[in-house]
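Each chain carries a letter (A, B and C) given by its place in the written order, and its residues are counted from 1.
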Amino acid sequence: MLITLWLIVTITFFLMHSVPGSPFDRDGKEANATVIQNMMEHYGLDKPVAVQYLMYLKSLVTLDLGPSIAHYPDSVNSMIDRGFPVSLSLGMIALVFAIICGIALGTVAALRQNGLLDSFAMIFAVIGITVPNFVVATMLIKYVAVEWKLLPVATWGTWKHMILPALALSTGPLAIIARLTRANMVEVLTQDYIETARAKGLAPATIVFKHALRNAVLPVVTLLGALIANILTGSFVIEKIFAIPGMGKYFVDGINNRDYAVIMGTTVFYSALLIIMMFLVDIAYGLIDPRIKLHKKGA
Amino acid sequence: MQVPDHLFVPMPKQAGNAEAIVRPRQTFWQAAWHNLTKNKLAMLGLIIIVLLALLATFGPYLTDQSYTKQDLLHANEKPSSVHWFGTDELGRDVYARILYGARISLFIGLMAALIDFVIGIIYGGISGYFGGRVDNVMMRIVDILYGIPYLLVVILLMVVMGPGLLTIIVALSATGWIGMARMVRGQVLQLKSSEYVLASRTLGARPAHIIRRHLLPNALGVIIVQVTFSVPSAIFAEAFLSFLGLGIQPPRASWGVMANDGLPTILSGHWWRLFYPAFFISLTMLAFNMLGDGLQNTFNPKQRR
Amino acid sequence: MNQPKNDTKAGQPLLEVKDLHVTFTTFGGEVKAVRGVDLTLRAGETLAIVGESGCGKSVTARSLMRLLPERTARITSGSIKLKGRELTGLSEKQLRQLRGSEISMIFQDAMTALNPTITIGEQIIEGILRHQKVSRTEARRQAVEMLELVGISHPQTRLKQYLHEFSGGMRQRIMIAIALVCKPSVLIADEPTTALDVTIQAQILELFQMLQERTGVSIIIITHDLGVVAKIADRVNVMYAGRVVESGPVGEVFHRPQHPYTLGLLASMPRLDSDRTIPLRPIPGTPPDLFAPPPGCAFAARCSRAMAVCGTYPPERTEPSPGHTVTCWLQDPRAQAVRPESQPVGTAGRPAI
């Protein structure tokens, strides 16, 4: 885990420093040479790359992700302080929504296999997978917010502001979860232990919820890491469209301004976040599936 | 029941062999193809893909409009008999741009998938075939790389290398091959320990024979499925990069760039600006997904996505 | 298998199946899997159903509990009576009352037939709670008792464990415990020993016998292993292509088989006491296509002694000795004259093809 993180930091650092020119080269702007010199000294950019690298690593150990260059004296840390809570709540709402609705949709589709509801659910899932989320977001804004005026168009604040972006952000993961749940559920329902449960005289609802659902949903947990990554990158797009002041917006602004310090800092932060998430998902899977627990105990 | 007495005689011997094999012999690929043609959705997907490919190849001959010609007098025009899909804010013909964008988008998707495929097969194949320490070292590296969020790396690479057709492909394949390599290696390992390979080895088959007759045909099915799914995800990723302003630069246009350009105009009512590119992205995604699902069912029905 | 059992301990008919027909609707058309099966299970006895794969024995068993897939399978006609109560017309809800409490079933492979992610204790207890108005503590106590009965040591700790923590034989014992915990009167065992090692097989069969003595449960055992039949069954039904072709007390059927198919089954089974120079005789050919079953006897195409009548008219059931029924044209007096291969009925020998 730490090796991966170190690798990311290193790749990021050297990629950023391999860009020709300095961050202070601005198109059309003739900056004063001494000013640039001072700035370079201030950020330590005049030192050899190896020294800069060590400096950067040192500051990372103290959880300092470095300054912003375009928005001096703003630092990456303060951007995270401001943006991350917003992104986190948006992402969590989207994730929870996607999980609950995806599992429900997939289960219903599997129970009504090849029925009308199944077709409907799967068409919805296909749309969710094939339509880019910026298109979904734009559609939602156009119809729900602009034409029907049901919800605010953009920005962040009340719970009403959260609905549309969370919805747009969750369509992709929701569709993936629904498809996976359906496929697993269909398979689980043909398993012998479902027949055993029926032979005990259990009610269909008990069979579905107690015996089938748990086993059908287990594989979804393994996918959770990828889904979190999906939501994270999705949030860049969604936050920009809805003008939400989250991490994604800072990151995208950083890209547009070629603010390498910000790109570097946020990338490292995101990577660390994702790696920790993946790790947590692994642990969670071990807790949920009794078979894994034994395996680890034995190993 | 009245049964006639004269029937109580030994049954006359019937001609023909009851155990004759009725069905004609099919090779693995014939069977796979036969199975696939029965899957209507997969065939539909295949047909759409072929049509899109034809469109991308011969597209520019299908219209007399130029994809770069600006005509500010006819900016943001609705679809008409002249401009089938309307025009954009610079008066460029959206239909011509879609056709041209098909080239770029499909090219990106196919190239990225192809590079993934080549690197993945070589890396995963070597790792899986040799096993042991080679495998350990090679997979350690891949495991570490796998932990890196791939779109972040792609963004990073794009920022560094600058936007462009080539850089997009390089950035996408720089991260895409890892998944392929892992899968190929898993397949090879699994097949290597399978009993029919063991049987073949017991019969004295040479490694080349085993690779050609057993490993390749059996692993290829799964690999083809993976490739089919990696084409649309590359196209999707390109659309995403376009959104961040890291996509193809004008005057060239991919569907992703066009959709992104069309986003703000939807509020002004120029729906065709967003609709057509988004429609083609979705159609391509859909077609590849349908084909991929069909191939998945054909080659490894047990493993579902 | 040389010690024939007689049916002295058999009592009143507990379960009676008459002329059962089951049809599956598939993409290829209608499969007539069960075509007029009659079964009688008396209280306290063990009835075996034997036959090749696909002969309809499992479908028959599942239709007794109405466990067939609802969408594709249909009981087209016939009657199933349990203690005089007709089961074919019951609603799904009434059936659920019955399943587990009156009729229970155990399956071939406990590894797949038990839920891997729920503790085995919970899987036993949920059945008790479903059918009895008892507290959880009481259900737990019963579960422990049941596990002890089927021979699992430390039942208290074992309750909290999962399937993968048990060996193959133990898993089968657990499944038996689950099936018997609500004291059903009928236990259907679908190939209960097929997936097990031979030594474990014997243990499980002995467990069946012990449990039958203790609880008085009647058992229907489905198998293709004639050794199993000889060991534990009182009576046997031989099925072929969706029909019962021969039925009777085990000793009677094994020692005086009448139907050529039963003969074939016995002849294809290796025996320790048989002369090794005589090769085993497999039955040639494969069972008929049940999409379009032949009009006459389904076995006719594979039968070395088939007569012209067998291909066109379905044979009728005859009773050569009390309790022993056979459905074969060879039983017809007119067939006595037809002895093309000069093979006396009753020996295991069959002409080579």
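Basically, contacts are C-beta pairs under 8 Å (C-beta built on N, C-alpha and C of every residue); 3 or more make two chains touch, one makes a residue touch a chain.
Fair warning: this is a prediction, and the values are worked out from it, not measured in the lab.
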| item | value |
| --- | --- |
| Those chains which touch chain C and also touch chain B | A |
| Distance-to-centre winner among chains (Cα means, whole assembly as reference) | B |
| Centroid spacing, where centroids are CA-atom means, of chain B and chain C in whole angstrom | 50 |
| Rounded Å distance between chain A and chain C, as computed from the means of their C-alpha atoms | 55 |
| Euclidean distance of C-alpha centroids - chain A vs chain B, Å | 24 |
| Residue ranges of chain C in contact with chain B within the complex | 284-286, 300-301, 305-313, 316, 329, 332, 334-335, 337-338, 340 |
| Partner chain A, residues of chain C touching it in the complex | 65, 67, 95-101, 104-105, 107, 109, 112-119, 126-127, 130-131, 162, 164-165, 175, 178-179 |
| Residues of chain A defined as touching chain B within the complex | 1, 3-4, 7-8, 11-12, 15-16, 18-19, 126-127, 129-132, 134-135, 138-139, 141-142, 146, 179-180, 183-184, 187, 229, 232-233, 236-237, 240-241, 252, 255-256, 258, 260, 263, 267, 270-271, 274-275, 278 |
| In the complex, chain B residues that touch chain A | 144-145, 147-153, 155-157, 159-160, 232, 236, 239-240, 243-246, 256, 259-260, 263, 266-267, 274, 278, 281-283, 285-286, 289, 304-305 |
| For the chain B and chain C complex, residues of the former touching the latter | 1, 3-12, 14, 18-19 |
